[in-house]
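Consider the two complexes below, in which chain A is the common component and chain B and chain C are the respective partners.
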Partner chain A sequence: MNNARTDRSLEGAMTPGIPIFSPMMPYGTGLTPQPVQSTNSLSILEEQQRQQQQQQAAQQSTSQQATQGTSGQTPQLFHSQTLTTAPLPGTTPLYPSPMTPMTPITPATPASESSGIVPQLQNIVSTVNLGCKLDLKTIALRARNAEYNPKRFAAVIMRIREPRTTALIFSSGKMVCTGAKSEEQSRLAARKYARVVQKLGFPAKFLDFKIQNMVGSCDVKFPIRLEGLVLTHQQFSSYEPELFPGLIYRMIKPRIVLLIFVSGKVVLTGAKVRAEIYEAFENIYPILKGFRKTT
Partner chain B sequence: GDRVIDVGSEWRTFSNDKATKDPSRVGDTQNPLLSDGDLSTMIGKGTGAASFDEFGNSKYQNRRTMSSSDRAMMNAFKEITNMADRINLPRNIVDRTNNLFKQVYEQKSLKGRSNDAIASACLYIACRQEGVPRTFKEICAVSRISKKEIGRCFKLILKALETSVDLITTGDFMSRFCSNLGLPKQVQMAATHIARKAVELDLVPGRSPISVAAAAIYMASQASAEKRTQKEIGDIAGVADVTIRQSYRLIYPRAPDLFPADFKFDTPVDKLPQL
Partner chain C sequence: MAARGSCPGCGSAALVEDAHYAQQQLVCAACGCVLAEGLLTTTYAEEEHLREVAYSQSTGQKEQLSRCLQRGIRRVQDLCKVLHLPTVFEETAVSYFQRALQHPSFHLVSLEKKELLGGCCVFVTCRQHNWPLTMGTICSLLYAKQELFAGVYLSLQKELGLSVPALSLGDLVKTHLNSFRLFQHAADIPASFVEDKEKMVARTMQIVELASETWLVTGRHPVPIVTAAAFLSWQSLQPAARLTCTFARFCKLAGVDLPAPAHLRLKELLEILLRMASQLAWLRVFNMDKKTVIKHIGDLLQHRIFLLKNAFCLEDEEEPRAVAAGEGSPGSPAAGGAAQEEGCPSEGKRQREGGPRPLLPPCLLNPRKRLRTAAPSASDSAITGDEPISDSEIEQYLRGPEEIRAFRKAKAWL
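What follows is the complex of A and B.
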């Protein structure tokens, strides 16, 4: 059952609808046949998923609680999630699975309602190893939308329009892809850059794609008393109006940094998976409600 | 009886009778709180003909550096004293700064950072802890380190020493800014009142307290006989005059409510400049 779930979620996750690890790759025939590599990354991904599921078993109840309130908005979001244990749309009902202890103990609504606000992802930074040394000069000369200024920075800066992203390509073959708005888009964009590099004649592969950082933002829709928040949460907060107008809240679990502003806007960063952002926001929301400005 | 060894400075340092043969001379002041005990000896410059060898160079050229282990620390203390001197900080702040620096230095968690940056940040923290905060820009003015670096070191030091500091308020800066502008006590009290009320009524959400203080001083001075321009206030407070303008625009609508009840208006409230 578990395995079937992971397989299905994998399929949905890689590229919309297209099974990626078949010989007929959607990105042209220039790719060197790498069946070994593909299955490697597939099994690595499966392992990661299993680990994630085990780790998040305890958090499943809370995350499902959160998703309950927001499931109306998020079927597309969960479709693209690969590494969370959130229920797939259409396969599981809206209520939490029978194994959560919440249902028999609490009444219909839990003690503190979930916020009903979902942080939107604004930026994803990911890295991938193309697996071969690259000649940055030829890439810069032949590729479109590439800039290379070795005196300023030792990498080629390449941009594509769809998804709108920027990549830093280093001569060691490693690449950093920034600017995507979802995990799926980040992976897609990284594959596109890999294809560009491949078409220029380098034996590019697609090894160890990893999302390094995710940034999300949202609005709690009420003004916040930052002075009060810094007084009570001194060990986590840093509020220096001379240095930065927002309060910098370093949450320990999950390890996320939140920038909280007087207007009620919140920026969350430092996450490796989407669920960390959601969890951090669900943690901070009741605290912020306590410091709502009354006038 | 009780005999205590006086570790203060030799009080007969300037007497010149029996200059070389006074047996009660024991050395420089001891600074046990800061260095590891000051028992080293330095060879001074020679007097008399015998201390110079041929060619006119002095024998015993090298003044051996005393405690090489805290030479950097002594250097930093000297720098801290210089910085504090430029803005006339009292001795208690300098002592607190030295203590903070010593704690940070011994912890070694900020070892890679420039000592001057750490010293400037320690000075900033000491001023805050003593209840008389200086703005980052004021510390920048007496240090060669950029505001960005001082800010970074400040946050790192708070983390390393596991302390925190109180949030700055508008009132902390009133007396200093007003005195520098030559404003009388009435205007200073009015400005303090205006700034406090503006923050209470939440007219200026998200604005730095320095900017609000500057705008309050502008409003108070413009209502009194001692008017100051935005540029002058901006110069003293370290804020741009457009910043003062922005904050002033936010407090202007409620101006009648912000002034203290007993304020004598030279320019009535409705004739205050509208920017």
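What follows is the complex of A and C.
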């Protein structure tokens, strides 16, 4: 009863639709019924809500990590999830998000249903804009690890040893970095290339770093009847033994292309984030298991 | 020219057929009265005798379509005629071709690719109607490189969203054997080499089915398998006379190409047959080898279901391989492993001769030694991407001034 009055009195001050009444909110925390709310108490209210939400989020994440620790599948994935969805300190959101438990992108499946196989990332392709025009001849002359053959290709091919990657550097200042085995490695490698270009005398910056493609592979450890798979999943699969020994499966959600071979090895490509590869593999594994017991 | 009748106006008999502009009129020469006007249309009776002109041959279509499209359509129609395809196929292929050329991704490709596009449309149509046409045939008809054809075919399939069913091996066997020349007597073919077509087709089908059951077909080009199966079935129908004939000679006599992988397929087929022969009661006493087993192919095919079950360990639920057991996957409990042990005692010891081996594709039985990339180490996964980069590390990639001078000199000489 008391709370209903406070709710109506606050309605004019705060924007409507904010769920003030949540189970975690203790009654009477600075909500003295006043016709006009000063901004100070408004921010205090939001601060309190945010703190409680963060506490709850922290509790949720630790409990989830505990359950996932046993299977040890993708701890890194869940870790990054807690960072991105918790509200950043310092920003006061106009609509404090409702106190719902945090949902990870890949739902926590019990260990018996999941495949237990984690695809390994084999290649990451990323692009970055160095932000200045480059003279490729100078770069090829003054850098040891560069090759430049303008008749064959209009870019300098540069390689570094750690992380073992290759970069294509164009005269417009755009650069493509390939060969890294993780997103962080790709970013570090791209920064190293930018530093090399900087030391060669160009005002290189590091703008718009973006991962364009991720390739992963794994092995389901049993042979697969590709002819059967193409019959049942005709709208997604393309199997042409005359052209290529593997079956090309174009998954709609997530939008990933899988190359499935008779030996049971699967290559997944076309992902922009790591979670897409994991999700695609979890989607295809039950389908492939269905083709195992044919004799 | 005077026409019959009299003018209703003046009664004169001088009626003339005159054309007023384009219209025929019956006019009285005396008073100028028009008796009858020519019809702009002919009657149904008159049209019956006219020859019906198909729209595709009329000038109407020529004016509507571009020359490139006309040429392409004609090419598609010629291909269908050469392959003796039904008319339904021709219409479907032409419609696919028109749809494809309107698509933005095919509108501006090179002429060479547009010709291949016509062939791809015919190929897709045949596959959709389960007409066994291989890419090799189409490529040879178009004088095209197979890689280029493959690229155009895949992009056509993607852009138009066509679902193309897989090549049916049974139909391919029949079509491929049709081109063999061993079914009639000829001057260069010894009498004992000529064979009855029905028997050979039936036995080749059985051998191809056996190959597909034992994982020899998945992922491989179908034509070499059919050729190898045809050779085995031909030899087994009259082994006494034909065992001495080599594979190459057989293909030359039959008038077909010997594809390079066919030798390997033949070897794999013979290995399967030898294993099956080891399980047949009245053959166990003999020492079978690659040549002698051919004589008994008939018996082996007759009892193939039983023999396959005994000769090969069929895959069970849990993976039998020792490598897999070490991976620690949560899905392989110890109980399942024990049951597996009972069913296939020699499972882990595949090298032992005579024991049943698992029925697996050859790529899993003879894994090629590959450089396995190490799984990402702990230090690798600790990289955040924002570490500081030392100057010395970058300096190692830059040339010093003397080096640049030396490099410039060297380049000047080149």
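Rule of thumb we're sticking to: the second predicted complex is superposed on the first by the 181 of 295 C-alpha atoms of A that agree within 3 Å, B and C clash if a C-alpha of one lies under 4 Å from a C-alpha of the other, contacts with A are read in each partner's own complex, and residues count from 1 in each chain.
Methods note: contacts are C-beta pairs under 8 Å (C-beta built on N, C-alpha and C of every residue); 3 or more make two chains touch, one makes a residue touch a chain.
Model, not experiment: these values are computed from the prediction.
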Clash-or-fit label for the pair chain B, chain C on chain A: clash
First (chain B), second (chain C), both or neither touched by A:R144: second
First, second, both or neither for A:F170, with chain B first and chain C second: neither
Touching partner for A:V230 - first (chain B), second (chain C), both, neither: both
Most chain A residues touched (candidates chain B, chain C): C
Region of chain C that runs into chain B when the structures are aligned on their shared chain, from 37-45, 253-261, 307-315 or 325-333: 253-261
Residues of chain A that lie at the interface with chain B and also at the interface with chain C: 223, 227, 230-231, 234-235, 238-243, 245, 261-263, 293, 295
Chain A-touching residues of chain B, taken from the complex the two chains share: 135-136, 151, 154-155, 158, 164, 167-168, 201-202, 205-210
Residue ranges of chain A touching chain B (in the complex, touch as defined): 223, 227, 230-231, 234-235, 238-243, 245, 261-263, 293, 295
Chain C - residues contacting chain A, complex: 134-136, 150, 153-154, 157, 163-167, 212-213, 215, 217-222, 314-315, 319, 321, 324, 327, 329-331, 359-361, 363-364, 373, 375-376, 380-381, 383-387, 389, 393-399, 404, 407-408
Residue ranges of chain A touching chain C (in the complex, touch as defined): 71, 76, 111-112, 115-117, 120, 122, 141-145, 160, 162-163, 181-188, 191-192, 195-196, 199-200, 221-227, 230-231, 234-235, 238-243, 245-246, 261-264, 292-293, 295
